[in-house]
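Just dropping this structure here.
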Amino acid sequence: MSSLAGEVGGLILENPVMLAAGILGTTGASLRRAAMAGAGAVVTKSVGSIPRDGHPGPTVVPLDIGLINAMGLPNPSYREFQEEIDIGKTGGIPVVASIFGADPDEFASIASGLTADAFELNLSCPHAEKYGAELGRYPEAVQSVTKAVKARVRVPVWVKLTPNTADIVELGLAAQDGGADAVVAINTLKAMAIDIESGYPILGNRFGGLSGPAIKPVAVRCVYDLSSALDIPVIGAGGVSCFVDAIEMIMAGASGVQIGTALQRGYGVFGEIIEGLSAYLERRSMRLSDLRGLAMRRT
Amino acid sequence: MSPKSESPSTLAKSVDATILAVRQETPNVKTLTFDLSLDPKAGQYLMAWIRGLDEIPMGFSGPREITVHEVGQATKALANFEPGRSLGLRGPLGNSFILRGDNILLIGGGVGIAPLTFLGEAAKAQDIDVTSLIGFRSSADVLFKQRLEKLGDLAITTDDGSMGIHGFASAGLKELNLGEYSQIYLCGPEPMMWDILSRSKEHSGKIQVSINRYFKCAVGVCGSCCLDHEGIRVCVEGPVIMADRLLNSEFGKYRRGPSGSRGSCRG
Amino acid sequence: MSSLAGEVGGLILENPVMLAAGILGTTGASLRRAAMAGAGAVVTKSVGSIPRDGHPGPTVVPLDIGLINAMGLPNPSYREFQEEIDIGKTGGIPVVASIFGADPDEFASIASGLTADAFELNLSCPHAEKYGAELGRYPEAVQSVTKAVKARVRVPVWVKLTPNTADIVELGLAAQDGGADAVVAINTLKAMAIDIESGYPILGNRFGGLSGPAIKPVAVRCVYDLSSALDIPVIGAGGVSCFVDAIEMIMAGASGVQIGTALQRGYGVFGEIIEGLSAYLERRSMRLSDLRGLAMRRT
Amino acid sequence: MSPKSESPSTLAKSVDATILAVRQETPNVKTLTFDLSLDPKAGQYLMAWIRGLDEIPMGFSGPREITVHEVGQATKALANFEPGRSLGLRGPLGNSFILRGDNILLIGGGVGIAPLTFLGEAAKAQDIDVTSLIGFRSSADVLFKQRLEKLGDLAITTDDGSMGIHGFASAGLKELNLGEYSQIYLCGPEPMMWDILSRSKEHSGKIQVSINRYFKCAVGVCGSCCLDHEGIRVCVEGPVIMADRLLNSEFGKYRRGPSGSRGSCRG
């Protein structure tokens, strides 16, 4: 069987398929379960400095084309969260802590208060006031937050980028300049759904973030653009539901692939994607590195 | 854990339903009947969208009804809906109770009686013998007495002794021989269920338990409802879980609130 | 039957459902056919100052969730196009000329060289170098282009906005400041698809614009945000495939609705949407104006 | 025009096919056989994606083959594909010829013979009588002579008289009584088809014509292929169109190029 093992963003992984931030990442047990289902690494729910209950319901709108969510970054605060990370670690694979804050200091203090295999900076959640994309849309903020965290931790730092921008490459370059070990693209697209029976916006928070199959073409484009312009690795996320999607992301230049909304189908997606990827490589006698960025070489 | 063992998540979209009737069951419990059926199986639930306020999980107490216990803002609002008012329903969601054998026992308390009654009625329609043991604080809180009496033997306990056996539901256990029943179904407040479970471990292979956790997405992605230590996504793999899987879980020990932090399971 | 007639962006329309720019809008005959199928107005293919053949094929990628296209603004130039507009006019409904240019002057000179019931300024095509979103992402450019065209024509001027930005409201306000009579939101999302058999980006132009059901939640959000902030009308476009979608757009604040990708199903979509809309209003004894912006009033 | 009269557009995604065999038919025409069938009906087409270059429409000359006339960059590249090489195919697209009656006539020229031959073979399999009239520049250009001979009567015309009747295909018309045929199928260069049509207007209700326009999207949205004056989307409502709809159209008069500007229909 073709080996899928290798380095991704400063971590050595059994395979490049990971659990995305905020997906079944609130408890150590669910992180460990993703590990047991075959994930190469897991990213936790984004945690901040104080406990948050999140937005009122509905928090999701299930659609044929994907999901709109406005969870609102519920989390028990990083202080209470170390325990979950430690339980997650018993799954035997790297646990990446996703964190969010309102400024470089808050990010840095959370990062220094947690022990994890890597950090992912959520500079991209589109539906939480003062956090996420409200900072992450500005290259200067991306750079300064990255720099502040890098100065405080010794593990790899990934920066998760927002597609709600005219130029994601600008944001990626800012992360790189700030010293990021990798960028993760993409978080959700700012979106909304209205109930035509009542006229109410469906989400409790009125608007939220679109994920799932609908955003895959946007994500692939972002990964391609970032991979073409950056020197650091790009980790792809957005609508990956099967091994074909994973290959598309890798061909666009992704070093690793994160799975979010597809977990609706259950933890089995990890096995399916990993097996599909291996079988594809074997059938073509290719290595993973042959696939990576292939689309950039096809002209 | 093989993927096959996971129940597939149900992708239901919100539909608009109108309340046809509201029945006051006890001082703080009401049953709401809808103008449409989501065709649920007993044990499944829906997400009730109270527009402008919140979306909360509710079990079915019948094919087109839910039974609401007023405990906070959303349940109070729902209980105050007048006939003719509409709301959004997303469901049916989750797995369901599975009928096994021809002689079943229902054990429950509080509003947990709701899905059990729905199940008992479905069982009765299939000529299955139904015995029920239900516990409440006081006689005023007793729910669905008539519906359950119609199904077969019914034992009631009250904490204050104002009706039936004096004591917790577990007090009624003594009068029953659990070995007799082909399957046992449990739903009620977590401390009560835990009390029953810890007294009937040897039967845990035939006890189906409907449990509550904090649900947000109800589609199996957000992680809010995950149950330690297996990481069971209660919203899609539950709410009905075999008792033997619960014995070594967080169940009866703690549960998580909306932020994900651990708290008392009495909440 | 409920009347769907009314003013939309300075035009009096029989109904608010229009053909979107670049969809079956290259010939006068196809514009007229949309009119005969029930459209309230039609927008032409975007025309520029010189003939363009467009990008090499593939020019579209059909997906379950929508379509990615990179036509590349093929057009015979505005000089040759007046004839098609005139034929389109025989359909008996307003014909809106969509135009594009590289700067305010080019826009203005095209607009003054054409006779149409209104102009729609394409400041949003995501896949043509020097045109569309490459200008339209900058509020200053949006404002100056709008102003230049407004100074030269006496008919309504609509500005079509790009969702490939951190803040579409900024762009909408710029259009309004420039004197626009309405904004149209949204054009396509920058996107890409890669063929996993060969590694080639599928589109001849490598990347293109995503349209169809996938982008409806993004479009609804843009329309809602714009309607909340602007004084001029907002015309909604993006993934509208049935009357339910049209109602959602109108509830989000849209004065009119444009249909693009759904024309894949044929011209019959106009009839379906218009009938569905009328029946909905009648069933509820509502007027179109009761629906408009309803979601903003539901709190 | 009622929406019902429109053929539904086919949403085909690109599949990867490998060339199994390449047959040189004439000096500038080759037939490519694929390793898979898209299960086309005669008259339908596919979009052939020559990776890195272009995507172009091609009719089927059989269930798993296309016949390519080298006229420009893309067709030349395609004709030079070696067996073993792969390409992307999107199809089958568009409507198809419809067999009517038991005695049909095929009239064509150039590479337009390709879909007619596929149709004739399908007709023969259903015991329909097939007569063919085909025209070429010269004997070296004659295509599918053997395949057509097997089906029934075959008349050939050449512009230079090097084979069969001397003259255009219309010269062969005189020898046929069009009234005899249950249905007539036409495909070839536009001036030739127009020539035939204008000489057989009284039969236009039973002549099915496969026409070419400039296709870009092939899913019926871009407007590139629209035919005046009805605005027929040839890519999804065609390529086969009844002759009576063509008589008052742009057909035979002009056609649009890639920019949408009108040009000669000889291109």
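Lettered A, B, C and D in written order, each chain numbered from 1.
The rule we apply is simple: contacts are C-beta pairs under 8 Å (C-beta built on N, C-alpha and C of every residue); 3 or more make two chains touch, one makes a residue touch a chain.
On a predicted model such as this, the values are computed, not experimentally measured, just so you know.
The minimal number of chain-to-chain contact steps leading from chain A to chain C is 1. More C-beta pairs touch across one of A-D and C-D than the other; that pair is C-D.
Once the centre of each chain is set as its mean CA position, chain A and chain D turn out to be 50 Å apart. Centre-to-centre, using mean CA coordinates, chain A is 35 Å away from chain B. Each chain gets a centre from the mean of its Cα atoms; for chain B and chain D, those two points are 66 Å apart.
In chain A, the residues touching two or more other chains are 61, 63, 198, 200, 298. The set of chain D residues touching two or more other chains comprises 51-52. Touching chain pairs in this entry, ordered by label, are A-B, A-C, A-D, B-C, C-D. Those residues of chain C that touch chain B in the complex are listed here as 298-299. Within the complex formed with chain D, the residues of chain C that make contact are 22-33, 36-37, 45, 51-54, 56-63, 67, 69, 71, 74-77, 80, 84, 195, 197-198, 200, 202, 204, 260-261, 263-268, 271-272.
Within the complex formed with chain A, the residues of chain D that make contact are 51-52.
Against chain A, in their complex, chain B makes its touches with residues 1-4, 6, 8-9, 11-14, 16, 47, 49, 51-56, 86, 88, 90, 216-224, 226-231, 233, 236, 256-262.
Note for the complex: chain C touches chain A at residues 61, 63-66, 68, 133, 137, 162, 164-167, 189-194, 196, 198-201, 206-207, 210, 213-215, 217-218, 220-221, 224, 244, 247-248, 251-252, 280, 291, 294-295, 297-298.
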